[in-house]
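Next come two complexes, and both contain subunit A; in the first it sits with subunit B, in the second with subunit C.
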Partner chain A sequence: MPSVHFDHVSKRFGATTVVEDFSLDVEDGELLVLVGGSGSGKTTILRMLAGLEEVTEGTIRIDDRDVTALPPRDRDVAMVFQDYGLYPHMTVRENLSLGLRLRKVARTEIDRRVAWAADMLRLEPLLDRKPKQLSGGQQQRVAMGRAMVREPLVFLFDEPLSNLDAGLRAQMRIEIGGLQRRLMTTTVYVTHDQVEAMTLGDRIVVLADGRIQQIGKPIELYRSPVNRFVAGFVGTPPMNFVDGNVAQKNGSISFTSDGIDFPFLSERRASDVPSGSVTLGIRPEDMTVDVLDAQSDGPTRGLQGRVVLVERLGGTSHIHFDAGPHRLLAAVSNDRLPEVGDAISVRLHSERIHLFVGDRRISSVI
Partner chain B sequence: MKTLRRIALYTGLTIAALTFIYPFLWMASATFKPLSEVGTIALFPSHATLDNYRTMWARAPFGRALLNSMFVAGTITISVLVFGSITAYSMARLRFRGRPVLNAATMGVLLVPGQLTLIPMYTLIVQFGWVDTYAALIVPYLFNATAILMMRQFFLQIPQSLIDSARMDGMGEMRILFTIFWPLSRPVLSIVAIFTFMGSWNEVLWPLLVVREQHLMTLPQLLTVFSLGGGAGSIGVSLASAMVLVVPVVIAYAILQRNFIESMASSGVKG
Partner chain C sequence: MRAERRSGSLMAAPYAAFLAVFALYPILFALVLVFLKWDLVTTPVFAGFDNVRVLANDGRFWRAVENTFVFLSIHLPLQIASALALALALNRPLMFRSFWRAAFFLPVVISGAVVAILWSNLYATDVGLINGLLVRVGLNPVPWLTDPSTAMPAIAAMVTWKNVGFYVIIYLAGLQYIPRSCKEAIEIEGATTWQRFRYLTLPMLLPQTILVVTLSTINGFQLFIEPYVMTGGGPLRRTYSIVLYLYTNAFAYQKMGYAATIGVALALIIGTVVLIQRRVIGKAEAL
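Then we have the complex of A and B:
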């Protein structure tokens, strides 16, 4: 039985539609990530689930109970906010226990739960401090503790890491993931950061313009994005796109564009591919770069380019190069890197090429 | 050079301060002077006496007027804080039909000078049959547009996530206002409280219009009637009655001074 169930949920503010016909099941104990750019509707969806925003159309069920019209306090969900939402005039202990006190939980039970959460999140030494006296990471843990002591059916996280610096963000990401696996509480997590989504989510929902683009496991989104938006959104650095044409040539099928002539299909699968204009997508890490000798003409077919920028990151390096009018990016882990201005030959790993007709990806092109 | 400049500065400041303080000190000391000495400029009476106070207290019910003033100003202040913050909270943080109209109406009230509403208000009080009642003194001041707008402005700056967390924690809107917003809004609440209390405490015109019974009069009203009506008889008694009016405010100011200045400064910066 799904723990959370959205059934054709829409949200409109006046004439503006923010979320359109959103249906989704979140399984019991699952960590589901809603990811999308700003204005994608992800936070609105979370706030509707929390009861902080009214639903214009559709129903939301939690644990098979229709909560669409219930106020937040009757939904048995707890939320961690982007700026934590800690009460500045109360101590950490008061912040943790307030929700329980308002629910008339017994004193001893409150103490037990606060001690349990404080122990799990290493908050004991901070219990009598005010939020202002805590670092960002500590405030974040208090916000999580406040959600935990409630022992809710569902945890909601609204971009909880975006106020932290990069190092702390990575650390808290691991903590949140670990905590969720230990508690096995159904969790809906909103972020605009696809790295966060990929590393944390059991499943990911990619949103754009208030609509679901794709739902799937992280690797599915990465390997088989359904459309250009998902392909470009998931993965760092992002996928390269080249607009061009598919044409039959000398019995094989080639992708051609300005400065690019690339044969990538064997004849027997030619029927799968529509001819005409398509967009080729290739991830930077699915290319191999070879430096061409100055004297040689290099391969006559495939991708050739000239290096415009090399970013050395240590493990992998990013090579920005121009192939015809197209600026592309390859991520390579060689130690021998080309220099700016070098002519290079680039091999695309043909099993990793994505073809898009219009916005949609054509599956099984290879 | 630096020291010299500093000496000059402090001398100037001292003279300026004295020009403000001296009349007040003179007034305070004059109330303790016998009638023959009141006209002198000296600060210290040669024969200190409480006669002026005794005469004043005997001729008019100043004790009662003091209690009336405290009751009226206190009730008005509490009401402006409680009802004003409820209104300000709803205007700042709740979405409802008619909110823009409410905002505009509140702003509009500010634009109408008090003198303009004085006569209609008086007619209304007469028709309600409230002349010579506490209601006439209190009810017209229960709400204050300036206070509402000041609080609204402050409430707008409180992060939405605090309201959201409070709602998730199970609080209703009233509880959010009084347990979350009030403690965080101390600067604006204290400045509204002080201004409202002082405004109400010093009000003379309105009480003069709606109250004629001596036992219902507020302190400044009684003082005005007493001094202008010739009840005082001497300048010493007049000044003594003025002292009774001023002292509570001075004491309140001394106690709240830090809060007062802080809130003035902070509301200036944040607002």
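Then we have the complex of A and C:
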């Protein structure tokens, strides 16, 4: 039985539609990530689930109970806010226990749960401090503790890490993931950061313009994006796109674009590939770069390019190169890196090539 | 560095001059007057501690002190409660919100004498609007300003009405400072409307409450124009405030030295009361 169920939910502010016909099941114990850019509707969906935003159309069920019209306090959810929403006039201990006190939980039970959360989140030394005496990461942990002690049916996270610096963000990401796996509480997590989504989510929902683009496990989104938006959104550095045409010549198929004539599809059945204009997508790490020596007569299969920038990141390096009018990016871990201005030959791993007709990806090609 | 200091002093000079003429000089002059007998016409005579001695045993003065404290004991709670309630109401999405905010602020900028005359008419026993309404719903008319037991409460209610807009502004600013996420967090945590107010809004408005208490205390001690216009201190001297007594001594009896002594005593009383208030409610100020 799904723990959270959205049934054709829409949200409109006046004439503006923010969320359009959103249907989704969140399984019991799952960590589901809603990811998208600003204006994608992800936060609105979360706020509708919390009861902070009214639903224009459709129903929301939590644990098989229709909560669409219920106020937030009757939904048995706990939320961690982007700016934490800690009560500034209360100590950490009071922040953790207020929700339980409001619900008239017994004193001994409150103490037990506060002690449990404080132990899990290493908050014991901070219990008598006020929020403004804590660092960002500590405030974040208090906010999580406040959600935990309630032992709710669902955790809601609204971009909880975006106020932290990069190092702390990575660390808290690991903590949140670990905590969720231990507690096995159904969690809906909103972020604009696809790295956060990929590393945390059991499943990810990619949103754009208030509509679901794709739902799937992180690796599915990465390997088989259904459209160009998802392909470009998931993965860093992002996928390269080249607009061009597919043409058949003597039974073999090649992709042509300005300065590129690439017979990459000879092993595929010609009938699978539509003729006409397509977009080729290739991830930076699905390319191999070879420096062309003066004496070599050039590869037969590959793109010819000229290096415009090399970013050395240590383990991997990003090579920006021009192939015809196209600026592309390859991520390589070669020891022998080309220099700016070098002519290079780039091999595309043909089993990793994505083809898009219009916006949709033609899945049969892969 | 020295040029900088000189230009700094120069820029502060106009205000310093203003302060010297209208604050420092009167304060010093009042302190000197405490030890003089002076009727504004003849040469002042040195009187030692005579004024202080007389004041300590002046039943009318202590009656005025008592009256002023009665006024404050009604005015302060009423002022805080009404300002807070109005601010909460005006902080919600409301039709014509700007109009309401302006309407409640309007009495603040109207002259106190005008308000006093207006309210004298509202309170009038036979022809007043308030008694008219009471009679219409079947109640007996109340002699608001002529009954010793209702005169001061009636004045306190009127002063509260006149100043409420000012304190509403202070509370509104405080309300807008409460983060949205805090309000939503406590809502999700299960708070009822009353619990939200009790555990979040009220404690987070503590700095504003301290300000409102301090300002309305200082203002309240200076109660003058309302009893002066509406009751002349009566009935039975029940609305005789400290400042009204000071004014009477200064400009009716021409006892400038004695009036200055009352003024200094008033300043000491205000200082003490505000200090005690701060001690009591300031404990929780460590937000």
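Throughout what follows, the second predicted complex is superposed on the first by the 357 of 366 C-alpha atoms of A that agree within 3 Å, B and C clash if a C-alpha of one lies under 4 Å from a C-alpha of the other, contacts with A are read in each partner's own complex, and residues count from 1 in each chain.
Heads up, the rule we're going with is that a contact is a pair of C-beta atoms (placed from the backbone, for glycine too) under 8 Å apart; a residue touches a chain by one contact, two chains touch by 3 or more.
Worth saying up front: this structure is predicted, and the values here are computed from it rather than measured.
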item: Room on subunit A for both subunit B and subunit C (clash or fit); value: clash
item: Partner chain(s) touched by A:R103 [first = subunit B, second = subunit C, both, neither]; value: both
item: Partner chain(s) touched by A:L52 [first = subunit B, second = subunit C, both, neither]; value: both
item: Partner chain in contact with A:D83 - subunit B first, subunit C second, else both or neither; value: both
item: Subunit B versus subunit C as contact partner of A:P72, first or second or both or neither; value: both
item: Overlap of subunit C and subunit B interfaces on subunit A (superposed complexes); value: 50-52, 71-73, 77-79, 81-89, 98-99, 102-103, 146
item: Residues of subunit A that touch subunit B when the two form their complex; value: 47, 50-52, 71-73, 77-79, 81-89, 98-99, 102-103, 146
item: Complex contact set, residues of subunit A against subunit C; value: 50-52, 71-73, 75, 77-79, 81-90, 98-99, 102-103, 130, 146, 150
item: In the complex with subunit A, residue positions of subunit C that touch it; value: 179, 181-182, 184-192, 195, 199-200, 203-204, 206, 287
item: Residues of subunit B touching subunit A in the complex; value: 159, 161-162, 164-171, 180, 183-184
